[in-house]
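What follows is subunit A paired twice: with subunit B in the first complex and subunit C in the second.
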Partner chain A sequence: MLIWEGAALLSNLPQLFPTPVSVIVALGQLLAAPGPPGMAWAGELMGNTLISLWRVIAGFALAAVTGVFLGIIIGWWRNARDLLEPVIEILRPIPPLAWIPLSMLWFGLGFKPAVFLIWLGAFFPILLNTVLGMENTPPKLIEVAKTLGAGPWQILIKVGVPSAAPSIMAGLRIGIGIGWMCLVAAELTGSNSGLGYMIMYYYSTMEASKTVAGMLMIGIAGYLMFIGLKKLEDKILFWKAA
Partner chain B sequence: MNLIFKLLTSFILASLVFTSIGSLSGCAPMAPSTVRIGYLLGDLHHLPFFVAQDRGFFLEEGLNVEVVGPFDAGPAEMDALAANQIDMGYVGVAPAMLAAARKIPLSIVSGVNLEGSGLVTGMDINSVAELKSKKIATPAPGSIQYVMFGMLLAGNNLGYNDIELFPGTVKPPDMPQSLQTGRINGYFVWEPFVARSVVGGYGKVLVESKDIWPGHPCCVIVTGGDFVRSHESTVASVIRAHRRAIDFIEANPAEAKAIAGKWTRLDPAIIDNAFGRVKYTYSLSRDDIKRFVSEIISLGEKGAIKPIITASDVPDLDTFVDTVVDTKYLQR
Partner chain C sequence: MSGRKLIIDGVSKTFMEKRGGASTVALRDFNLSIGDGEFVCLVGSSGCGKTTLLKLVAGLEHASSGAIYIDGKPVIAPGPDRGLVFQDFALFPWRDVTGNVVFGPEVLKVPLAERLRTAERCIELVGLSGSGHKYPSELSGGMKQRVAIARALANDPEVLLMDEPFGSLDAQTRYLMQKDLLGIWNVDRKTIVFVTHSVEEAVYLAERVVVMKSGPGAVKSIYPVNLSYPRRLTDNVFIALRERITADIAEEVA
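On to the complex of A and B.
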């Protein structure tokens, strides 16, 4: 902090390189300023953070449901993999940012395109980790289940999915990180609220300390979401923790 | 406790990364024979720059112009000026004065144009009062168009909270298409993006910026504070070439339009439509610029726009404007 403060003071370019003290002051100002339309009560910083969180949760939940569901199908049935893998492998390398113009055309401005981009960013890591987890189900476990008289659906639900659970959880953790990054990109275009928008706004008005304060909030919120997911993972995979 | 410790550790590491990046800024100035000039994306207001380049006026003044940009919006160009990435720039007077209020050393050395922006809406909107709750896009906060739109709202007893405003998140070249597809109900922007919707038949000019303030200042030429002190003759040469370009536009409008088409890649019909709304001039009015800054301050106080420049940023308006506006190169 001292090194940062000293370097910023020496550079004497507050509009390009704000000091940590000015960032802390900016955080206070943003907490006290009125929030975005409809959320004036929350203050500017918390209001925009809540809007961003809501977008991430919506996009991530969609990605979790679709990614895990498709991943189980592709990872368990060879025919499904042969059919869907080429399509997925063509779409997967396209960066979510390249979808921004189309997302605006399809979904307009604001909430929907942001959710679409977050879904897109989070979907592929969740899908691929689920596929990987399902494919790596130990054959011995399947054989034992068969010997004990389990049917195909029972084997899938009671052996395949629990066996893939650690890999699915890893995919969810990666997915939420990428989804958070996509959110900021989505809010820089076609939006008028959220942390990404707030950063762009204060960049335009040349208030670098408020821009950095917004960046800091993104980091803190992303980190707290990561910790939340890790705790959820420990609860779901209780046998792993034990 | 563990969480707080982890957060603090992350913050310290982030500080170190930030410090090392920040210390890399502040590059050495370029050799004086070359002048780096920035301009805005597809902005017809900057036609004198296109003409001076195209007709070789800069070369005839012994200048080697390195074109930098185009920039999406004025504030980004002012950041480039502060970071010593450009020496001079064609930019709106609002972002220039905003940058000066943020203590970025710069001088405004010439005018470029007056007026030349407008509010375009769909065919279903017939008055400013009907804009209430509508989706309206403007260039970045701190742009001329954002301020002029605030003036329009204030004049009609509206504020930015009455409109669903998208300042800076719909890029000017995307605005006509956004209107056409119904994603927004209108936009306030510079030419030629006003003309584009009009010629396309899906938008109309509800209000021209000259209706809000006849003869309002618009784009200017700025130069970095250090550059203008150490390269006086270069700045004077740029202004001479710029003045020739403006005279050329006045004397040869057809050729000027052809050059505009070459630089903006727009249909001649769009350029033709836009041309009538822009007044090219190199003259600078200190009084108009003072009025502009005081409008920005008062609009923020009234709630027509979010405060950008406040009275505390500019305790003495006269001295502030006199320090920034430098007309001596226009008299040479």
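On to the complex of A and C.
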């Protein structure tokens, strides 16, 4: 911190190399400044943070539901896999960022294209980890369930899904990280609010300390979401601990 | 022995390789009939088809020819009338002891109160009272196998199929489990088909020891064990029989 402060002061280019103190000052200014349209009450920093969080949560929730659902189907039934795998394997290597132009054509600016990109980014890791988890259901557990009288649906719900739960949770954790990155990318280009937009805006006004303050907020918010998910995971997978 | 509970009638099993035409004959013309409430042990060298035979009786595999009957009805699929216990326990790690034991009655849609009563009774029978809330990761190998046995008993099966259930346990635990299994058998009088590598274990437990020959698997010889329970490992008759069966298996390997 001291080295940073010293080096930035020595450079004597405050608009390019903000010092820690100037970043803290910028955070204070951003907290006090009026928020984005419709969120004036929250202040600029918290308003944009809330907008970004809401986009991530919406996109991630959509990805979690669709990814887990489709992953269970593909991971459990060979036929579904043979049918859907080629489509998925072609779509998967396309980076979410490559979808930005199309997302703006389809959804314009703001909430919808951001949610779309987050969904796209988070969907594949969630899907693939769910598929992996379902496929790796121990055959012995399926056999035991059969001898105990379980039918095909009961085996899916009571053996396949819980057995895949650790893998599904890993997919959700990776998915939220990628979703968060996609959010910032979407807001840098296709938005007029949110943390991504905010750091881009202060880039154009040459206020690096406010850009860094925004970046710091992105880091903190992402970290908090990750912690939240980890807590949820420990709760669901309590049986793995001990 | 009252009536024939389990009849294995001329059963053969051939496994086809996935690619190419190569095939392995695991069992050829296997015949055995087991009485109601009888305790039978299957012994033989590795790869003689013991596990395959249990899976066929369980209905997890289908015979290439021949048929298996329980109470005169042919086996076509797995069912709660046959409980299976694996060597590596195969417990559901996300369910506690009660949750594991209750699985059978649960999928068979037994009413909740009755389900829990059954689970409690079976957990008590295997000597795990008070551990119902523990998870498999908190249990020792011996306790896990007790849970697996309780789970198999919870459906009140006609036949209990056990595939080297004590194979992975240390000698002390193994001896204790053998004694306790005989105790359970005494109470419940299930028909038990028990696969083991250990001749001593077979002679200690079974009313009849079936020696299998390998390549392909079939019945080689059958030894009735005319010793009363509880048996003593140092008894002269016990030792003589153990040696005879061991020699019988060794002859097969040579």
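What we mean here is this: the second predicted complex is superposed on the first by the 241 of 242 C-alpha atoms of A that agree within 3 Å, B and C clash if a C-alpha of one lies under 4 Å from a C-alpha of the other, contacts with A are read in each partner's own complex, and residues count from 1 in each chain.
The working rule: a residue touches a chain if its C-beta (ideal position, glycine included) is under 8 Å from a C-beta of that chain, and two chains touch if they have at least 3 such contacts.
Since the model is a prediction, treat every value here as computed from it, not as a measurement.
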item	value
Room on subunit A for both subunit B and subunit C (clash or fit)	fit
Of subunit B and subunit C, the chain that contacts the larger number of subunit A residues	B
Touching partner for A:A165 - first (subunit B), second (subunit C), both, neither	second
Computed vertex angle (subunit A) for partners subunit B and subunit C, CA, steps of 10°	160
Touched partner set for A:Y197, first subunit B, second subunit C, both or neither	first
First, second, both or neither for A:V144, with subunit B first and subunit C second	second
Which of subunit B and subunit C A:Q154 touches, first, second, both or neither	second
Touched partner set for A:N136, first subunit B, second subunit C, both or neither	neither
After fitting on chain A: smallest Cα gap, subunit B-subunit C, Å	28
Contact footprint of subunit C on subunit A as seen in their complex	138, 140-141, 143-151, 154, 158-159, 162-163, 165, 239-242
Of subunit B, residues touching subunit A in the complex	3, 6-7, 10-12, 14-16, 18-19, 22-23, 25-26, 73, 75, 78-79, 82-83, 98-99, 102-104, 135, 140-143, 161, 164-171, 174, 178, 181-184, 306, 308
Interfacial residue positions of subunit C with respect to subunit A in the complex	58-60, 78-80, 82-84, 86, 88, 90, 92-96, 103-104, 106-108, 135-138, 151-152, 155
For the subunit A and subunit B complex, residues of the former touching the latter	1, 3-4, 7-8, 11, 13-17, 20, 37, 101, 104-105, 108-109, 187-192, 197, 200-201, 203-207, 212, 216, 219-220, 223, 227
